[in-house]
Every structure is written in C-alpha cells, then in structure tokens.
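Here is the structure we will look at.
Chains: A, B and C, in written order; residue numbering restarts at 1 for each.
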C-alpha cells in the first residue's frame, strides 16, 4: 500500500495525464458531479457519485459503428473506428466497478463486442472507497463492500491523505508511474476507515433489503404477480432510470441519413420507451406495465438466470434519487420480493 | 495562391402562389441573384414548420429565408398571418439560444415583385456571407 | 410547511369515497424516505390511511395523469390540485384531453414545494428523515448527531420561489383558503439572459444543453406534452434518434419541444423539476411566454377553459418577425 497527501493529489493527476487521458468526477456549474477530462485547475469532486454512471466510457450513449457512402452504383463501407488510446477513470465507486462485471458478461461473451472490448482493454479503473454512503445506497444487498472497491487500483481517501493499492497488472503499471509521488505505508489508517464504513453500512436505511425471492427460475411466479399493476401505474415512461443506470445495457442500432451517406450508429435504448424492441409485426410490449415489468424482471430474474445468479443491479441508488415519480427498484423489490419469499 | 472564398448555402422556402411566382418573374426579367439560393416550393408559407428550418440548418444551410404572400393577400386567406406569429416566436427563440439572428428572415414577396425577390436574395446572401459558415446550428455528421 | 394538513385531505378523500361521489383517489403515496413520494391511485379507505401522504415533497402535477388514468375507471376520480396544477387542468380541458365529468377536483392550497436536491446541497447525502414543521425543515442525517435546521424558504424549488399564482382556476371544491395571482419575478432570469451578448447566451445554453441525456423525462412529465405519438418517438419522422448524438440534436430537441408547447405551457415547472441533469428547461418555456406577452398581449395558458393561445390566433396588425429584434434593440 502506498499513500500521498491529499494536497498533492493534483500532481498525481498531472503525472497520470502525461501518458493517458484521465477522467474523474468534477463538480459542474449545476453543482452535480460529472466525469470530466482532467486538466490543470480542475478539482476532484467530493460528491458521493456522478449523476451519469461511468459505463459511458466503455459503452457510450451513442457510438458510430460504420459509415456508408454511395457514388453511382458503388457503396463504400467506411470503418469509423479509430485507434483507442489508453485512458484512466479515476474515482469510481465500488458499485460502479461491479457494474463493469455485469456489462462484461454481456459484451465480452462470444461473440465479443469489439467496440466494447477494445475500450475495456485500454481503460484503467481507479476505484475509491465510500467514506460517506447515502441513504439511497444499497450495494451490500448485492454483496458489494464499498470499503473494498475492486478495480485496477483501489484508493481510500481521508481528510488529509489518499491511500493506493494496486490490484491488477494494469494497476501495478499505473502505480509504478506514481512511485515518485507516493510513499510506502502501513494499512492502519485504511483499516480504521474500513471499520468506520462498516459501522455506517449498518446504519443505512436500506441495509435489510434482500434479494431473496429473486433470481433465476423465478420467472413464472414473478411475471404474473398482480403487484405490477400498482407499481407501474404512475410510471411516466421516460428513460431516466435506464440512462442513469450503470448496468442497463440495451441498445438500438440505427441509421442516420447525412444527406450524402449513411452513418450506422448505436445508442442506448430504454425498455421504458414505446418503441423498445419494435419489430416488423409491431411491438410486443403494448402497455407501460409490461415495459416497466421488463426492466425489473431483466435485472432481478432474467439476467441472473443467464449469468450464474449475478444480479444486474449494483445498488448505486441513482434511480432512487432521479426518478421523476420516485418509483424504483427498491420499492419493487420490497413489494414483490417480500411476497414471493413468504 | 487560391483563397477559398466562402459561398453560403441558402435555403429559401417560397410559397407557391406569390413568392415562387416572384422568383419566376425575377428569372424572366433576367434579374441576377446568387446561385447559392436553393428554393423549396411550399403550398403556403404556413406549411413551413419550425422543424423544417432547423433541419435545413442541420443539412448544411448557412441561412434560411421564408417568403410568402403579403399579409392580407394569402391564397388561403390567413396562412401567412400564422406564419408571421410562428416565425416571430421561433426567431426570437433562436436568438435567445445565441444563434445569429441574421441567419433567418421572413420576407413578403408578391408574384409581381420579381425585383424585390432578387434584391432580397442579394441582400440576404450578402449578410450571411459576412457572418461566415453556420457553426452554431450545424450537425457535423452531415458535413463528413 | 403546508397550511392544510394530511388529515384534512384524508378526511375529505375518505368521506367522498364513502358517500360514493368518487370511486378512486389520485394522491401521493408514501415512499422509502420522507421525500420520495409517488403518485398513486387509491381505491379504499384502508389504502388511504396506510399510504396517503401530503407534505412538502408532493410536487408532481397530477393533471397529466388524468389523460391516461380515466379510461377504464368506473365512476369519478378524486384529484387533489395545487394552484399551479389547476392551470394545467384547464389547459388539458381546453384541448379536450380528458372527460371533465369523470373528475372530482379538490383544490388545495400550496405553500411551495421543497427541492430535495437543495436540501442535500446544504445537509449532504445520507438524509434519514425530514420533518416538515413551521417554516423550517428538521433534517436528520446519518452523519450528524443533531438534526439540522433548514429554513424552508431556502430550499424551495425554483418554480415555487417564483410562484405565479396561489389562486385555483378550476375545482369542484376548495379546501382551505383561496389565494391570489402573484406578481412574480419569474421572467427575471430570462431577462438576464436577454441582456447578454449572443456569444454569452450561446455559451450558456451550450453548457446547459450539453448535459442532456435525452431521457425524455421533461417531455413525459409535461402536462402539455400529450401527443399520442411524439415526433421524437416516431421512426418515420427522421428525427427519432433516441440519443443526443451531438450538440445539434440537443438543441433541436429542446427548441422543438419548447416550441410545441408554446402558448399551451402553463409554466408549471415540471420539466425542470424532473430533469436528472438540472437543465433549466423552464427558461425556454418562459422565454416563449414572455415573448408572446410582449408581442401579442398578456396571456396565461390555462387561466380559463377555451381561451385561444397566441400561436393559433392572429391579428392583421401583428409585428413582423424581423421587428422582434428592432424592438428589443430599441428597448435596450
């Protein structure tokens, strides 16, 4: 384990920036934190987390796949991918680190999504422990420990110091560049912080939320649960929950007519939208109830069914604070899970 | 050395009954106006919805002008009165977002005003040329 | 703190359900925390007693729900309307978007709703309870021994700070006291922007709109956005791109959305309330409202049923689009 003083963290950022683009949460003009490319003068935000999750780095909201140009009877297909450069995402929370595992199982499973895989390969994740979890946090429900974030490098921030621990080869490589700026140290302070975090986790209002009653094999009983009517009745059908979610991975592939060619791109899609998975015969989910159900069934039943019981929710709490009508996965789990486990 | 002089792309929406005929008359009278102006004929100036104007900018227009019958002379009685209100609101909004107000214009041109049509276009093209390319409402994808 | 209490609303709802005036109640349902209330339809007294809430966080405008929720309902629905909601209510009636006969509207006074984000900015994350009492909130967090006192006035939502009216323009029955239309400062922000140079305005909006994630929450929460199929959802429209691929699309979406509700927008502020990225979308709507007031005379959408919005009306003496700027330049 190595450490540096919090005052000197900007020189660490400067050092990392020399070899790779560095992104970290920075407070915007509206007071909310956003991942921003670091440059001299920017400060690492104290906010618990960003509004938009860091999945954008690997699975951007829109991404060009290829381009077509026609001239006469010829169609030219242009590969729009450019050489990826190394980048570092700094200050990722434990929940969001876990979300990459959820995405990996979708995109890096055969056939591998090369657009995603190449970004994963070039990205280094520096994860930070959560000193002050919020009331909306429920990562422990999914077995995540915010005091022990995974990632290539784990860091712990105190009032005066920052502690680093490399977890992977990529992490070692990054730390070796910082050897001049950091010093070797013991684990006492970090252990003390871990204990403090554990104590707070025990006080969180959602600490008793459980996934009992969900998981693979529960499709039938949960799909037909009568509670979906009541739960979905106020849903406006906007895509906020899916777009701030670190694990939502549905996308659409569309063509954009530029007037002199076609750009084929993919963009995030939302199961809350009326056009979601629309096919030639029309749409197979006609009401908001069905769309609403899809989102939670996917996270809590279908995904674990196909992925060894791993849930595709990490308890980051973004949908809890951003839903316009305050309907969210916690309310769904309490209402439906409670019944199923009875 | 050759200097690339900026030639703007202007989209002119002209109503079928007055302004389009006005453009015709300008041509018949051999009046000059820049070839940068691309005319799109519409049944009435009120057929132009704000999306048309934004889409013209998206596809590379540097200026958009809308021409219709003089107020009171609309072939459909009142179409251009609605246009007048709609465009006043839209142009004011574009200006509010910081988009140069000289890039949009509404002008009433009757079928007898070939000279006015040519003069309007000359003036508009000159103003837009002075502004330079449209950067604030451009869609880079369409410029690839 | 609201002048009308939860118990008063509850009694009203229970008695109207009991005497058969209504068969359902559209109200706010308790959440996980004190501030995350969800709109809900209650059908029994037991449900109401258990989950109905009324506090400083009941911001959602119920008028929009009337468009969708009434179809299959037998009998009438009781809906609680705050003053600003009643304007949307009237506007939807003007547009024939729901059946007035199936609604029993109860007007309730509102002292302004609290923006939880502002509370969090003061007290930090980790709010375990919020007690609304008097003119302050008592906020208990996971990290402070003692509850923090916050003046309600400091954490009111922007739209409530600039509240335009405490008067109910539509109701079947009114609880509490009727208020007045307020001479608010709601156009101040717009004027501030108008006074900037175009470059400054462009930079301002570029910064704000670049945060848009096209979640469509502004549209879906908006009581004026009730098209059955939005142009931005229609794959045949050529503009259904689902994501803000670049700055043009962000601008186009918000210009067109604001334009489409121009003259129909009652300035209820739902768009800004629901925006996850805190984009001040209400400024676009207010710009249209302000312009139309100045160009065509004062007009408040929803003030009365059946009024004609400025954009679907005209006079032969209207100002020319080009004069819009001359006017402003001479005023300045």
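Assume a residue touches a chain if its C-beta (ideal position, glycine included) is under 8 Å from a C-beta of that chain, and two chains touch if they have at least 3 such contacts.
Remember, it's a predicted structure, so these values are computed and weren't measured experimentally.
By C-alpha centroids, what is the most central chain here?
The chain sitting closest to the overall C-alpha centre is C.
Average the CA atoms of each chain to get its centre, and name the chain whose centre is farthest from that of subunit A.
Here the answer is chain B, farthest from subunit A.
Nearest whole angstrom, what separates the Cα centre of subunit A from the Cα centre of subunit B?
For subunit A versus subunit B, the centre distance works out to 46 Å.
Which whole number of Å gives the spacing of the CA centres of subunit B and subunit C?
So the centroids are 37 Å from each other.
If you average the CA atoms of subunit A and of subunit C, how many Å lie between those two points?
30
Enumerate the residues of subunit A that touch no fewer than two other chains.
Counting only residues that touch two or more other chains, subunit A contributes 256.
Indicate the residues of subunit C shared as contacts by at least two other chains.
Answer for subunit C, listing residues that touch two or more other chains: 238, 245.
Return the residues of subunit B touching two or more other chains; collapse runs of consecutive numbers into ranges.
Residues 141 of subunit B each touch two or more of the other chains.
For the complex, give me every residue of subunit A touching subunit C.
Residue positions touching the partner: 28-32, 34, 48, 51-52, 61-62, 132-136, 200, 203-206, 230, 233-234, 236-240, 242-244, 252, 254, 256-257, 265, 267-270, 273-275, 278, 320-322, 324-328, 330-331, 334.
State the interface residues of subunit B toward subunit A in the complex, per the touch definition above.
59-60, 141-142, 144
So in the complex, the part of subunit A that touches subunit B is made up of which residues?
Its residues touching subunit B are 67, 256, 258-261, 263.
Where on subunit C does subunit B make contact in their complex?
Interface residues on subunit C, with respect to subunit B: 193-194, 198-206, 231, 238-239, 245-246, 248-249, 251-252, 255-256, 258-259, 262, 284, 287-288, 291-292, 295-296, 310-316, 318-325.
Give every residue of subunit C touching subunit A within the complex, in rising order.
These residues of subunit C touch subunit A: 31-33, 36-41, 60, 65, 69, 116-117, 121, 124-128, 142-143, 207, 211, 213-217, 219-221, 229, 233, 235, 238, 240-245, 273-274, 276-279.
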